[in-house]
Amino acid sequence: MKNVAVFGAGRIGRIHASNLAALPGVRLQYVCDAVPSAAAELAQQLGAQVAELDQVFADPGVDAVAICSPTSTHSDLIARAAAAGKHIFCEKPVDLSVPRAEAVARAVAEAGVACMIGFQRRFDPTFNEARRRLDAGEIGRPEMLVITSRDPGAPPVDYLKASGGIFRDMLIHDLDVFRWILCADGDEAAWLSATASVLTDPAVAEAGDWDSTAVTIKTRLGRLCQINTSRRAAYGYDQRFELLGSDGMLQCGNQTPSQVLQWDARGVRADKPEPFFLQRYAAAYRLEIEHFFDCLQSGQPFKTTVEDGVKAQQLADAATLSAQSGQPVQF
Amino acid sequence: MKNVAVFGAGRIGRIHASNLAALPGVRLQYVCDAVPSAAAELAQQLGAQVAELDQVFADPGVDAVAICSPTSTHSDLIARAAAAGKHIFCEKPVDLSVPRAEAVARAVAEAGVACMIGFQRRFDPTFNEARRRLDAGEIGRPEMLVITSRDPGAPPVDYLKASGGIFRDMLIHDLDVFRWILCADGDEAAWLSATASVLTDPAVAEAGDWDSTAVTIKTRLGRLCQINTSRRAAYGYDQRFELLGSDGMLQCGNQTPSQVLQWDARGVRADKPEPFFLQRYAAAYRLEIEHFFDCLQSGQPFKTTVEDGVKAQQLADAATLSAQSGQPVQF
Amino acid sequence: MKNVAVFGAGRIGRIHASNLAALPGVRLQYVCDAVPSAAAELAQQLGAQVAELDQVFADPGVDAVAICSPTSTHSDLIARAAAAGKHIFCEKPVDLSVPRAEAVARAVAEAGVACMIGFQRRFDPTFNEARRRLDAGEIGRPEMLVITSRDPGAPPVDYLKASGGIFRDMLIHDLDVFRWILCADGDEAAWLSATASVLTDPAVAEAGDWDSTAVTIKTRLGRLCQINTSRRAAYGYDQRFELLGSDGMLQCGNQTPSQVLQWDARGVRADKPEPFFLQRYAAAYRLEIEHFFDCLQSGQPFKTTVEDGVKAQQLADAATLSAQSGQPVQF
Amino acid sequence: MKNVAVFGAGRIGRIHASNLAALPGVRLQYVCDAVPSAAAELAQQLGAQVAELDQVFADPGVDAVAICSPTSTHSDLIARAAAAGKHIFCEKPVDLSVPRAEAVARAVAEAGVACMIGFQRRFDPTFNEARRRLDAGEIGRPEMLVITSRDPGAPPVDYLKASGGIFRDMLIHDLDVFRWILCADGDEAAWLSATASVLTDPAVAEAGDWDSTAVTIKTRLGRLCQINTSRRAAYGYDQRFELLGSDGMLQCGNQTPSQVLQWDARGVRADKPEPFFLQRYAAAYRLEIEHFFDCLQSGQPFKTTVEDGVKAQQLADAATLSAQSGQPVQF
């Protein structure tokens, strides 16, 4: 039985808490949150106790922590958990600052604890099946990756101001997908060019951010990746990629709430995609936390390590710089 | 808190037991099975007790029972549960004999308990969305229903011999879908013609059954329904229907494990459907047991009553008779 | 160079005339029509001459005739063309009366001319590709065929009154598809049950016809076929079939004017099917008339003979009888 | 009646010649080709005469010429036809050299003849329908365009050496689509970044070319366009684009030879796209030449002028430069 503490009882904390509470062999022991009532409500619902952070770190019975608190707290909590000898699951990103993220990665390595970063797309059944077929050689050698990633609408301006910008906040996932899919054999980015615009709402520009981006990456082996993103798709949450290989292409489509087609005078209408990430990645969230505990149990390495978190952050920094300067970045 | 006993710890019993155990406000108290070790294993896994039937019926703390035992036990267990004042969830069918099913329906009515029959397709998100749009008038008045229902492969001959035949065992679901979709406004079957063949395996004929059927039903209002079934689809479990209305058509497709398309020299390949009912109807099983307890709580009527079970059984009998005689049946 | 006369300068006559006029090695010599101005217009447009029927039959330079005049004239014109030693392409049906159709088939056989009936669906690229894969064994042995055939709207009541009824006028095509696809190896219908309703417009009933039908056919080998038709689909002309075989299924979908998908707040919308037969079967009409002349040239048998026309007519008669009596028909 | 001469009796010349010969009001008078037997064969097949270029330019009865000869001859033939007062249809590109293309555009303007460049994609029914809906406001303001353009296989190295490189030879079409779709309101490219690789065959590198490219363009209004291309798609000719707008997305898919879906143990397989441009753009070629003569008749402007040809060439030059230098280009 693994005893676990969850830090953060907000939207994503509640998802991870209830998913892990349902796993055999895992016990949700503590819930911590800066807002006591939020912690209390979640703890009560899942049969856990409310605790302070110090109490968690001091309790030798706690095996692992799940960090679901705001981004600004991640690196500090990882470092403290590592120092306390707890295994760590941390929501992306490691930290908005690459140097701090790198420092944390070193701290984790020194402490010898296991640390997994929550890039949940690697656990999405569709994306995962594409990776499986790539590994099985079904489309030969990978050559070009096109990622389309669009939110249903921009978050509030206050959120944007603290987000680190669209590349660090939103594309961090796509940049991780790039590495996971196009660099599965150890290849890495060699050249990156990004450009960006504000097309949906002038308030985004006033917050110093962009809402629409176009990124191109060339790898050391000459493979090409294009990422296009927008903060607003009128038809919902759009999460697709396609990978051209020497023998074919894998194309990952969206999930829909139902498989109903409506044929009428206007045409043949299918559902639009699931509305947002909580619905689209519901299975992925379940599978990633299961993976975390499976690996703790078996000693197998995680699919997404703290090093992956650091590398995605480096790419996000490079993309930000490129979009600001209008010039490509070499690695 | 509702206390529940599950009868039957086989494949379907385990599904219902773990789904209901996860519901807030519901407690799985007892598990009963003719095989003590099966009962014990399920009870232990879900924190329940093993019990004999008599003990369950005698315990005034038990609010409801979920009957997931073999078909031949259904009517007797419904009658006993009704007599004991327990609310009842029973897997389809009520009974392979229409008179016995009718007797049980009367017993339930007299006892004043609630009894829901597990026609899970009514809870499938895709089928349910089609019904919702029909009710919302999106395709006008319903006119023609075409149901395609194919298993991935025939069950063992021993199963077939005790099954009541393909119409009672397999088409019972499709006949219920016919009533649920094409007779949503109270219309009913007026004329039915069925024919059947053995096309997949001569052993099916030796068991006195068929593996391929074609049923046509005309309703009192002149609406038309065609059902085609096979025990074997080489591509998996095929569960679709389409409803033509005066203003359009609703077409319900299969679910797939992933949304990957593979483009290669052979064409563009999508996943085949989910392999069988446990996967295809996983969400439906979860939603139907939730519906059962929601209705117990709210006092709302069930979507599928014991009367629905009786009526589907009558249609299955008529189809069997029609296929045997080569003549249509009038209602 | 084959010299050809076209009888009938209406909608279908114009299509066949311009298709054959564009074929290398074929010369459209004459156009005949009861309405002189219609004949003149078509003849002028395609560089042909207007002629009377007698003139065509008497001209030894005429190799073949294409009969595109009203249904009531078909059998007489086939007989006269056969007597004159002309090869014959005739639009479906041979004749609304089976005995007359049979007599005509005998006359053709005795005259030793070639006679092809215009079941254009056998030349539709999609349907044809399905038949090719069936022949290639890609889905194993055929077992069940489901045909969906829906017009965009009912024709005028005057048309209906002279049409011979929906089975002879509309389902004749579907009954031919049944024989072409499910009986490709020489199997034939053994049992047929049909039922029908008036659901779209009471005027159809007043004309003594139906607008919605459901037909089931069992073959000598026990294969099953279901046909569903309606005179009205709000979404256009719906022409599909699917064939279940022992190793898989072939599913033939509709064609659309474009491959545009529109994603918006309402969903993901594809085009509805082509509006009616002239658009849907444009390629089929071109390919069938090319096939006619190819066979004349090569001496190969036609894909659709006058015997096929007679057999489809027999099935249409049986379906009409079954729908009227409520009883199945045995062959 | 318009009299026309076709220059070039190769693959594309034969297509345009037979399409224009079938148009009412158009007469194919002359065919010219450096290979006399090629000219003779095409002329005979379509009832035209073989001629020398000088004879065509000197014949006052010739209204228009269709230039389908090798790329290296285009600018010279346009200039000579303009000087002779003939209207001009010319296959893309105007010239591989931008200055020469610009000079030709000036010559055309001075001569006052009409000159259309054969960017056939603007006439593809699917692409055209997307543009129509964009113009109709169905997806609001355009924001991002993603173009996928892949050939089924690289041409011979000798072809590549004379092609001007992948950007001028292959992407010229995609760059025109960019202007046609994303700049429909007069917007133009402001910034372009391109990168490219050799991933399919080292012989391409030896020919001094690339086979895989990734281009990003930002317009003056901040709209974003990404183009990904490859000389080799194992699944055939892949020609798609998708346009995100403020109210939705238009997605243009490939055409397929048939609408057959094959369901079997491997999955559900649709046809791969049409094999190459002759099949995919068959309708577009027909419609573009019809447009040419319609405009000559009506005096309406062409959809694709010589200025469009020059501007696409400028973008192709910029992309080549960017891919060579690794730096973006500003306009």
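Quick notes on this one:
Per-chain numbering from 1; labels A, B, C and D assigned in written order.
Operating definition for what follows: a residue touches a chain if its C-beta (ideal position, glycine included) is under 8 Å from a C-beta of that chain, and two chains touch if they have at least 3 such contacts.
Quick caveat: nothing in here was measured; it's all calculated off a predicted structure.
Steps from chain A to chain C, taking the shortest chain of touch contacts, total 1. Looking at which of B-C and B-D shares more C-beta pairs in contact, the answer is the pair B-C. Here the CA centre of chain B is 41 Å from the CA centre of chain C. Rounded to whole angstrom, the centroid-to-centroid distance between chain B and chain D, based on C-alpha atoms, equals 57 Å. Among the residues of chain B, those touching two or more other chains are numbered 139, 233-235, 238, 247-249, 262-265. By the touch criterion stated above, chain B contacts chain A in their complex at residues 22, 125-126, 128-130, 133, 138-139, 247-255, 257-265.
For chain C in complex with chain A, the residues that touch the partner chain are 233-235, 238, 262-272.
The part of chain A that touches chain D in the complex is made up of residues 139-141, 143-144, 146, 148, 150, 191, 193, 195-200, 212-214, 216, 218, 222-226, 228, 230, 232-235, 238, 244-249, 326-328.
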